[in-house]
Amino acid sequence: MIQRRVKTFGRGVHPPEHKDATKDLAVKRLGFAPELVVPLLQHLGAPARPIVRKGQEVVRGEPIAAPGGFVSVPMHAPATGVVARIDKAVTATGHMAPAIIIKPYPGSTQQILYTGEADIDAMTPEQIVAAVQDTGMVGLGGAAFPTHVKMAVPQGKTVDTVIANGCECEPYLTTDHRLMLEQHENLFRGIAIALKATGAREAIIGIEDNKPDVIDALRAKLNGNAPIRVEPVKTKYPQGAEKMLIKALLRREVPSGGLPVDVHVGVFNVATLAQLAELMPRRRGLIERIVTITGPGVQKPGNYLVPLGTPLRYIFDQVGLNRDARQIILGGPMMGLSVASLDVPVTKGVSGIIVLTEEETAARPNKIYPCIKCGQCVEACPVSLNPSLMGDMARRREYKRMEDQYHLNDCFECACCTYVCPSNIPLVQYFRVAKALNREKKAPANG
Amino acid sequence: MTASVQALTAEKPSSSLYIIGVLSIVSTICGIIIVFAYTSTALPIARNLAIITNEAVSQVVPGGQQNTIFAIQPGGEIKPVTGVGGSDPKLFAVYDGAGKLLGVAIEAAGSGYADLVSVMYAYSPERQAIIGFKLIDAKETPGLGDKIGTDPNFLANFNELEAKPANPGLAHPIQTVKHATKANPWEIDGISGATVSSNAVGRIINESAQKMVPLIERNLDQIRKGAS
Amino acid sequence: MSTAHQHQPSPPASPPEAAGPPASETFLNGLWKENPVFVQVLGTCPTMAITNSVRNALAMSVAVIFVLVCSNALVSLVRKTTPKEVRIAVFILIIATFVTVVDYAVKAVSIPIYQAMGPFIALIVVNCIILARAEAFAYKNGVFRSILDGFGMGFGFSIALLFMGSIREILGAGTLLGYPLFGANYQPWVIFLLPSGGFFTFAFWLLIFAWWRERKDKRAKATRPEAGQLEAAPQ
Amino acid sequence: MAEPQRIFELYSSPHLKRPVSTDIIMRNVVMALAPVVAFSTYQFGVSALLLVLTGMTASVAAEFVFTRMSRRDNTLGDWSAAVTGLLLALTLPPGFPLWMAAVGGVISVALGKAVFGGLGVNIFNPALVGRAFLQATFPVAITTWTPAFVPGRFIETVPSTLAAPFMQPAPVADYVARAVDGFTGATPLALLKFQHIDTDNLRLLFGMTSGSAGETAALLILLCGAYLAVRRMLDWRIVAAVLGSVFIFSGAFYLAGHGKYPDPFFMLFSGGLMLGAVFMATDMVTSPTTPRGIWIYGVLIGAVTVVIRLKGGLPEGVMYAILLGNGVAPLIDTLTQPRIYGAPRKRLFPQKTAKQTEATK
Amino acid sequence: MNNVSSAFIFIDALLIHNFVLSVFLGICPFIGVSNRFETASRMGIAVIFVMIVSSSLAYGINLVLLHFNAEYLRIIAYIVVIAAMVQLVEMFIKKTSPALFRALGIYLPLITTNCAVLGVAMLQTSRGYNFVQSFFFTLGSGLGFTLALIIMSGIRSKINLNDVPSIARGTAIVLLIAGVLSLAFMGFTGLGG
């Protein structure tokens, strides 16, 4: 194969990958926890509405909550059992939020009882979008944005290219890697669904070049079969951010404040597409997902198929937690949330559970030096912002100016700036605060 | 100032005639003050100027008893004048008690290291050399460039610096050389560490002498006669 | 925005009332508490340009005091008859007159001093202190008070110039008024005679004043909390 | 499940951090300069070593005092004061009186850093502020060069080194006279400017000339800089822009001047250019942060250096060029903010639309 | 002095003897309006404009005064011309370009007391420049003033984001920076000489 220059976007960073521990481990299934906690808001948008009562019996796969609007998705029972209660439960952010708690029957099987049949080929795009919403599918890469919303092309706009995002640029995570190796048929079928729904002509699977095995395997399977092609992209963070991937593959830039559809592109995570292909023909709902459970604090790292709602406590009982474990991260280490409670359940957007030990947390520098204007954050920012300057403004609380003159709202909090900062300034944290305060200030005016 | 602009538009204006009246009264008062100041200082100023020039002239041409000032006309002729006023360049001819020409002092200026350097030097038609030098005004670096006015070794250059007239200009251009490398009588031994300033002096004198020395030679008879 | 603490060297906003404090205070105000240079930061150009020796600083001081006192007096004399619309023009005319007088007077006294001061004698015309005093004080007060104010502000200006000039001359040349202080082997700090030295020396005095004020505020705050806060509020 | 309650850290993302911090960078700069100091000591003897020690001590002491005075945290741990003192000393003539060097060290920190509020907020390179202050303050001492490789340089100091504080240094003529053949006190640039004597480029490359304590060994400085650049603690683009533009501009002069001007290689390896380009212009705090700005800044420094050297009254202009570069760096930064992802192209000032200008007033 | 080339006069006024940094003219506006890039550049343009107009007028006036042997009226004549010029320019701009007036409006009156404007006129007279030399001298001075102002505005926008020690805030820090810039500009001494 002739090696061309690998496609990529400008800037970004390349943190150590840490993927070797799990990238060659096949996906394994995890059992049911004694109690599954299904929060009603696991996605971006409006929370779902419960449609079950306390004490009601549910079968695995049965809808238990209906979408709370267009930008919302239903929830499905992850196991056969009984609704123990509908109550507030702790979530990844640390807040308490409404959730449906299901007690699986002991000996409940993995078999999905709630199932049907659908002929995708006969569906119109609108019907596909509705069917996608019924699956409760959200972006499984981590953003957890309802997939059907992205598939619904707004009036007057067109999509010419669908990008299957197989970059998985966050360190440690290997779910997409395994999925692309193990479920390529599903992936191809999922792409076909997306093409149909959006009316696009071709699809590109973008994969970082640190996964040559996947690239080779998919290419071999495709065998030049249009309209899908596999494109390696440079291993770099945040290559998996959809705007960056679009830039890398198509040299198009999503306008500031706009969406991929504005440049005629739809971007979907590979896991999302593969799951859709699995669920839609049987009219099933999203009830489990692959999670990379890894990090030095875990005894049996691996890629696990975890029922949604499984609390971390149960997971760590299964995979083993080291004594010196100090920090648990849901998601990737660059953008993920760290959680303090083991009662937090796995939700639709959780792609990884990373446990760091004292060795890593103690090595993390904590002394903040003054900004020495080294410009490394400017070099790193994939959106070409000036984090150094904005950091100085944030310290002086000039949040309005950051938004008006320095494009604060284009920051998608990839944290590259904080990662590279030699003075250990919590830049992205500043920006989150600034955005939140700006939003707060604006809220009364709008409402 | 903004206040005045606003006042113009905001308040009830006074009558124009009144304004003009006030302005003329104030102008008259001011005029009287100025004229008084001008007339009462005219004499001391002229005296001051003369003293300064005479001091400089007597330093570059020591031993003079009387002197005559010639103003250089645009055509190259010279004309004796009294006093140092006026804008024409001047020659200061210095004579001893017997009326014998000792030397001609010339003012010259040019850019130095920091700012304008103005000097006075004396040319002796008899010795065909520069025989005196004084720094009039300079803002050269104190302790370094300003040595051109004080350094005895440097000033000794001008006791006898060849400026042989030739047609046109000088036979050998006057030139500053690095300290302790002076080889010819028309070279100025520079100050080590103040190269730029001492070079500037050489350049200023050379530029001036190239013009002035032939001019003096041409009008030598008139200058020699000047004393009588 | 952060521009709030930046002052604009315009005439002080609150001139003393016509029936203001006693005469001695009118005079002393300018010396220290409202020092035109170090506190109000007016007349900065000559403060830095003409202070590389005490002699020049003195000459400049005398010139400015003369112009300030005379113009204050004359402005005060004509204040009742001068209409508001043309007052600035009248001020400038009066000031320019006295500056012309000074210009010739200095030349009559000493040519070297005149040369050393260069264009800055003529530029007394646009010295903000003088116009500011004419506008803020002399135009509103009687002749006697205006003359006192002129002397006060003028001496305040002189003090500033002498502070600047002595530091610059002592360090820059090792002399004071031309007399060597430290013997022949003293290494002069030439920078203080150069323009940058002017900037640095001025900044140094401003730092001293700011430090002194800050300390005073802090002490006042410690004893009288309310009053202290009021004073500390600006800046 | 009767496991004891475990406490997990809450930490906001990112949870990974590049293992580099400011103090490590500064420490590395000091380490990278160690060979330069060693060569300087070998070349100029004990005087140069004393000079370096004095400069560093003065800077560090001044930093300590000023942080105390302004009641800020002690910042000696970030090594920046040490870097300042060291760089300052390397730009001074080897026989520079120690008391003057101490003055320079204090001024560097006071005027270059403390008045702005400490590390990271200064506008000008502190070492060069100190150097420029000394240049203006003691113009004679700072242009009194002593030759390299003087016999006995390891056992005694240059006579001017130990001048009494506030007093003029002793003359060095006798010391200069002891120099081995081929070494005079004048630096190659001064030789060229005032006496039109060219110096062999190879000798320049290996530092076999007179000059400031740490500026002579062009090749060594370049190597030390390369070490830092490889470790990403130094922006190679600035070095490239400065050296490249000096080469191009002086090359143009050389070709146009018919032997009137020195060849570009001489310009590259002589004087303080190498030290300035590698260790001073690259000072992160005082150089622009935007990618385009960095190139503009570098080219500006190179151009001004060439202009001052070839057209100005001074033999050397690197210091002034860098200070000027520092002065306009914030302006460059403002005018070269990169176009952000997704913003429309073709706007001269990306973040200044008329409406926003009004809004910020 | 009359034989100096215009190019040298221009460079000299712009860099070597920069009005603000080395001759100490126009310090007040330099401190006052160097806060932001926009204000600094507008002030600079306004000053250049007024300088050129008033110095050409001053050149003419000086010829008249010399003709009548009335040099003693020079200071008064110049300052009156400048003050009148500023007013006229203000009115003219107000009429012809309201947008420009809004941009420059508040700076124009300040220029009357900007000693740089009068300084240009006085210096060109005392140095005996001819008209072309005067023009380049004025242009260089005005650009030099603007250059210093703009550089300072860039620096101040940076330090405004930082914690300058309380006692140095405001004028003191500006003067210190100006001092260092003045040192840096010393590099140009001897340029072209």
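As written, the chain order gives the labels A, B, C, D and E, with residue 1 at the start of each chain.
What we mean here is this: contacts are C-beta pairs under 8 Å (C-beta built on N, C-alpha and C of every residue); 3 or more make two chains touch, one makes a residue touch a chain.
Computed from a prediction, not measured in an experiment: that's the story for all the values here.
Q: State which chains count as neighbours of chain D and simultaneously of chain E.
A: Expected: A, B, C.
Q: Among the chain pairs here, which one is joined by the most contacts?
A: A-D
Q: So which chain is the furthest away from chain D, centre to centre on CA atoms?
A: The chain farthest from chain D, judged by C-alpha centres, is A.
Q: Among all chains, whose Cα centre is located farthest from the one for chain E?
A: So the chain farthest away from chain E turns out to be A.
Q: Going by C-alpha centres, which chain is most central here?
A: Given all protein C-alpha atoms shown, the central chain works out to be D.
Q: Provide the C-alpha centroid distance between chain A and chain E, rounded to the nearest whole angstrom.
A: Roughly 60 Å separates the two chain centres.
Q: Centre to centre, by mean C-alpha position, how many angstrom separate chain A and chain D?
A: Taking the mean C-alpha position of each chain, the two centres sit 47 Å apart.
Q: Distance-wise, how many Å sit between the C-alpha centres of chain C and chain E, to the nearest whole number?
A: The computed centroid separation for chain C versus chain E comes out at 22 Å.
Q: For chain A and chain B, what's the span in angstrom between their mean Cα positions?
A: 84
Q: Show the residues in chain E shared as contacts by 2 or more other chains, in ascending order.
A: 72-73, 76, 110, 112-113, 161-162, 168, 172-173, 176, 179-180, 183, 186, 189-190, 193 - these are the residues of chain E that touch more than one other chain.
Q: Would you give the residues of chain B that are in contact with at least 2 other chains, written as numbers and ranges?
A: 1, 30, 34, 37-38, 113, 141, 143-144, 196
Q: Hunt down the residues of chain A that sit against at least two other chains at once, touch-wise.
A: Those would be 389, 396.
Q: Which chain D residues qualify as touching chain A in the complex?
A: 1, 6-25, 78, 118-121, 235, 284-291, 294, 333, 337-344, 351-352, 356, 359-360
Q: Spell out the part of chain D that touches chain B in their complex, as residue ranges.
A: Chain D reaches chain B through residues 139-140, 143-144, 194-195, 313-314.
Q: In the complex of these two chains, what residues of chain C are touching chain E?
A: 2-3, 5-10, 41-42, 44-46, 48-49, 88-89, 92-93, 96-97, 99-100, 103-104, 118-119, 122-123, 125-128, 131, 191, 194-200, 202-203, 206-207, 210-211, 214, 235
Q: So in the complex, the part of chain C that touches chain D is made up of which residues?
A: Going through chain C, the ones touching chain D are 1, 182, 185-187, 189-192, 194, 196-197, 200, 207.
Q: Provide the residue numbers of chain D that touch chain C in the complex, in ascending order.
A: Answer in residue numbers: 100, 111, 115, 133, 136-139, 141, 163, 166-169, 360.
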